[in-house]
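Structures given as structure tokens follow.
Here come two complexes built around subunit A, the first alongside subunit B, the second alongside subunit C.
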Partner chain A sequence: MNSRLTQHLNILDYALSSLWRRRAKNLSILIVFSWVIFLVASFQLVTQALTETATSVLRSTPEITVQKMSAGRQIEIPIDFSRKLAAIFGIQEIVPRVWGYYFDEVTGANYTVMGIAPGRMPLLDRLNLSLEEGGRYDQGSRGKVVIGRSIRRIMEEKGSTLLSLFRPDLSQTSFEVTGVFKPEVDILTNDLIVMNIDDARDLFAIPSSMATDLCVYVANPSEVATIARKISEALPGTRVLTRSQINRTYQVVFGWRSGFASVCLLTALTAFVILAWDKASGLSPEEKREISILKILGWETADVLAVRFWEGILVSGIAFIVGCTLAYAHVVFFNASLFKPVLIGWSVIYPEFRLVPSFRLDQFLLVFSLSVLPYLAATVIPAWRSASVPADSALSGM
Partner chain B sequence: MKRLPARFFGRPVHLLVLVLVVLCCINVAFYALGRKRLTAQEKNMELFDIVTSGLGLTDLCVATEARYTRHPAVSDPIAPFMDHPGALEHFPTGSFWAPPPLDTTAGEQQ
Partner chain C sequence: MLLSSWSIALLLCGLIVLFLMGLAARSAIRVLLYWDPASDSNRQIRLENEIWLTSTLVEYALGIQIISLIVFVLAADFFSQSIAGAMCATGSLLADSYGVPALVVKIVGVFFYGFWIVLHQLDIHSEKYPLVRKKYLYLLLLIPLLILDLTLEILYITGLKPDIITSCCAVVFGDTTGGGTNLIGGFSHGLSMGLFYGTAGGLLCIGLFLLKRWQRWACVLFSSGWLWFFLLSLTVVTSEFSSYIYAMPFHKCPFCILKPEYHYIGFVLYFALFLGAFFGMSGALVEPLRSVDDLESGVTGYQASAVKSSLFFLTVFVLVSSYHYWRYILIGGEG
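Right after this comes the complex of A and B.
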């Protein structure tokens, strides 16, 4: 056992020396390989962090959301629809909401305006806990809003204390800011303006008989799917979204099928194919000569293969560890700054990303099997072909 | 500082072990820091529950440039291409976000 271990340590020593002899070439392969793995692993970690954040953070979304559709677009839904739904057994509460987007022409920012019916949404009475010190959310009063941190920043830059917004007819309406959301909930509230539902109707010029959507709360969570189906049957022309569908959306939207991911993957694949092609196209005359000399000195084919195997595993293994380490640092400590321009696009306001991927072995194994294993095959196979040729014939061809 | 014995680096394999140990230490430190952040995030779960329940939020505020990336869960499934007939998707975030699942009908299994 000891002699075999010693033999492999000696072979490892030889492989390291061999790598060092061709250090310029091997170092460039190591850098390119690490970069490819870094790119793939970074994307994997970013999407995983966003998916996991969405799953945990959005676990308390409304059980069912009902939207009205017309000509393929979402339109306002009549509040009367809630009367039709009241007959469905198992529905606990139906709450209309008015929400939409407000484009600030001065800054180019898009705000999300959320009009909430006072006293009807669960946990709304505890919303003060999510506000910075001194802030308070008064459900019943009109003309008052709580806002996300980016909107406060924009107001400070403008030097205004009141939040002034324009109605569709360009008349102005102003709101007193009574609270700002804490930075901890930035990932949900950064662009939010929360106001009374009647204020939101007034701002968007939505009639009092209409709402943007209906939030439906169900007494028994196991009946959500059945009740959603009944709602869909009772209200044709509506889209019924369940909490599980919302969660599933976030399992899908950050996936390998998005355009950016495909570009990343294709770049990595192309770089890897070039690398593997270089290796698989055969050994250099110098490498063939080295193998022949080793065989004349008494090395067996298995020993030569072991050297090549160790060389391959050292280069690809170290590149894998370095690439994954850099990817983790990139995502956790630099908040995926390389991907950020694509992730936020032209957004004027966006939260400070604090991405936290959990360590999942299967993710790393996927990257490992896509990078290290093919590289090993591309290294060992040409070495085996060369090592299986008799030494004297290999040397005579030099 | 006392120097390491010359024979410590006598063999290349010793240098390799040293490099691997350093990389392992860095990774363990990163993992510990990541766990610390996760724990901090878990402490805020009550706040997240209050905000999502109280306001009925359905989406993360990651990108605010287009409605289908601000609210992918509740926006129109084909929103990127419906501004006018033949419209092309032009927002940069549209390249990062894949389209949400098309199955938005009710009645699927939990």
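Right after this comes the complex of A and C.
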């Protein structure tokens, strides 16, 4: 066993020196291969980081959201509906919510306006923890808002202290800003305006008996599915969304997008595999002479194959480490600037958020099987061709 | 689910293996048709050269197949995030009728490719290449298994349907798919533990006996013991040991132990079990080759090292799988 280990160590040593002797050719392969791995790994890491962010963001959403549907579209839901649900055992709280999008014609940006019922959201006290300045969110009072950082920036550019918005009939309403969200929650709050539910109704001209949707909070998480089913039975014509479904949709969307990107990257991979095959196939006269001299010295085909195998492992191993390190740096330090628009979309005000993928072995195995395995498979036949150079071919050139 | 990076990686692995084995099969057909050890024609020399190519191709294919087995389980785990009711790979493998067959075919495949490499090593041990025809026939027989593997994989992946929240409630609130608790539901805790440690002890004794004195009956007993132990271990790890690793009495799953939360302990565990079972079972499989011309010393050498390796991996497997259980018992828990 020991002698075989020493043999392989010697072969590894020889493979290293052989790679070094042809460093120009190998370096070109290494650079292209690292680039391909960088592309594949970047996409995987961005997807993973986005999925993790989505999961952590959804942790604070209500367990169930009830929306009324008409002709396949969401319409306002009567607040009375919550009375019909009161009988369902296990529901902790049903809170009406008014929300919508507000288009600011001056800046061309879309704001998200969220009107919440004062004092009824179970997690409302947490809202204060995410405020950067301005103290507490005053739950009861009207005419006051908490805004995201982008909206504050727009207000500062305009030089106004009050947030002025227009109702559908173009009459103006103004709000006093009592707080600004912290940068850490930008992904959720960058374009967000939180206000009293009655203010939101007033802004969107929604009757006081209506809401956009109903948030249902459930005490026991394992009862969510059953309660959701009961709600959909009690309120026909509504759409009942659970948090886990929303989360699953995010996973599917990100998974689909990264899969689509992988398909696109397969073309780059194919091009690289053809290059690797081509480079490995072109045996120079020196290489032929080297192999036949080795054979004259007593090397067997299996030994030359082992050298080629180790060369392949070394090249792909180094390229893999370089590519993955660059990809990690690209995602963490450069915020995945090359690929983020593909995965998350684009808007006038878009949140600046940091992507920090966790280090997971399965992601690296995925990148490995998408990049290194095709390379190894592409070089096996050229490796055999070079290993089967007959011993006497060295003499023919002399 | 076809358009996910994991599916693409799986299909890519499958196609690469099929490509490599297809090339190997081409050589195999030539060898079966034209192999003539007595001849020194150009064709014979070319065929002797091609033997190296085929063995390298099958070795690569085996390596990729092992990686693809791991990727398959991890992919199933990934798919579980988007399948209603599935919490880990168990759920998504049971989500359509092709998941479990695909996994079984993959595991069986790894063993079969491994046996081919053993045959090849024995064959090149002798200068006469006495097993050439047998091993190439065997190689051709592997191709249908490989195609079956890839077909099941494709059927499994295309059969998985993720739920989208805009679909109707009846679809979204489908039944949750089951867990792995009913694998050996009929066995009591004491009985399965007794069987596990009894068989492991028995295998250790027979192995040590074989190393001192080689007996054909003991060799057959050892290998069949390993087959039994392999299947038993898969069920005992699932139904008994896994819940101690998770520190949750009702969490019984053979796949979650592969996750980073449990320090990837499953990889060490299954690696040791699969290698141990492979070496343990291959000992008896090569026994009939002892009578083949010029192979006696090769077979003897291989069997001795296979028994030693299988005992080593058996010890590693038993220690790693029992660690959490015995730690729990020793700090005062109730078995």
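Everything that follows uses one rule, which is that the second predicted complex is superposed on the first by the 312 of 398 C-alpha atoms of A that agree within 3 Å, B and C clash if a C-alpha of one lies under 4 Å from a C-alpha of the other, contacts with A are read in each partner's own complex, and residues count from 1 in each chain.
Here is the rule we go by: a residue touches a chain if its C-beta (ideal position, glycine included) is under 8 Å from a C-beta of that chain, and two chains touch if they have at least 3 such contacts.
These numbers come from a predicted model, not from an experiment.
By the touch criterion defined above, A:Gln48 reaches neither subunit B nor subunit C. In the superposed pair of complexes, A:Val224 makes contact with subunit B only, with no contact to subunit C. Of the two partner chains placed around the shared chain by superposition, subunit C is the only one that A:Ala302 touches, whereas subunit B remains out of contact. When both complexes are overlaid on chain A, the residue A:Ala387 reaches subunit C alone and has no touch with subunit B. Look at A:Leu266: by the touch rule set out above, it reaches subunit C but stays clear of subunit B. Touch criterion not met for A:Ser34: it reaches neither subunit B nor subunit C. In the overlay built on the shared chain, the residue A:Ala377 is in contact with subunit C alone; subunit B does not reach it. In the superposition on chain A, A:Asn196 makes contact with neither subunit B nor subunit C.
More residues of subunit A lie in contact with B than with the other chain of the pair subunit B and subunit C. Residue contacts after overlaying the shared chain place A:Leu366 against subunit C, while subunit B stays out of touching range. Shared contact residues of subunit A, touching subunit B in one structure and subunit C in the other: 225, 228-229, 232, 239-241, 245-246, 248-249, 252, 255, 258-260, 263. Against subunit C, in their complex, subunit A makes its touches with residues 43-44, 47, 225, 228-229, 232, 239-241, 245-246, 248-249, 251-252, 255-256, 258-260, 262-263, 266, 301-302, 305, 309, 360-362, 365-366, 368-370, 373-374, 376-377, 380-381, 383-384, 387-388. Contact residues on subunit C toward subunit A in their complex (touch as defined above): 2-9, 12-13, 16, 19-20, 23, 49, 52-53, 56-57, 60, 64, 67-68, 70-71, 74, 77-78, 81-82, 84, 124, 162-165, 169, 172-173, 260, 264.
Contacts from subunit B toward subunit A in the complex involve residues 11-13, 15-16, 19-20, 23, 26-27, 30-31, 33-34, 37-38, 41-42, 44-67, 69-76, 78, 82, 91-101, 103-110.
Of all the residues in subunit A, the ones that touch subunit B in their complex are 9, 12-13, 16-17, 20, 50, 53-54, 56-62, 64-65, 67, 69, 72-74, 95, 97, 101, 109-110, 112, 114, 116, 121-127, 129-130, 148, 181-182, 184-192, 194, 213, 215, 221-222, 224-226, 228-229, 231-232, 239-242, 244-246, 248-250, 252-255, 257-261, 263, 314, 318, 321-322, 324-325, 328-329, 332, 339, 341-351, 353-354, 356-359.
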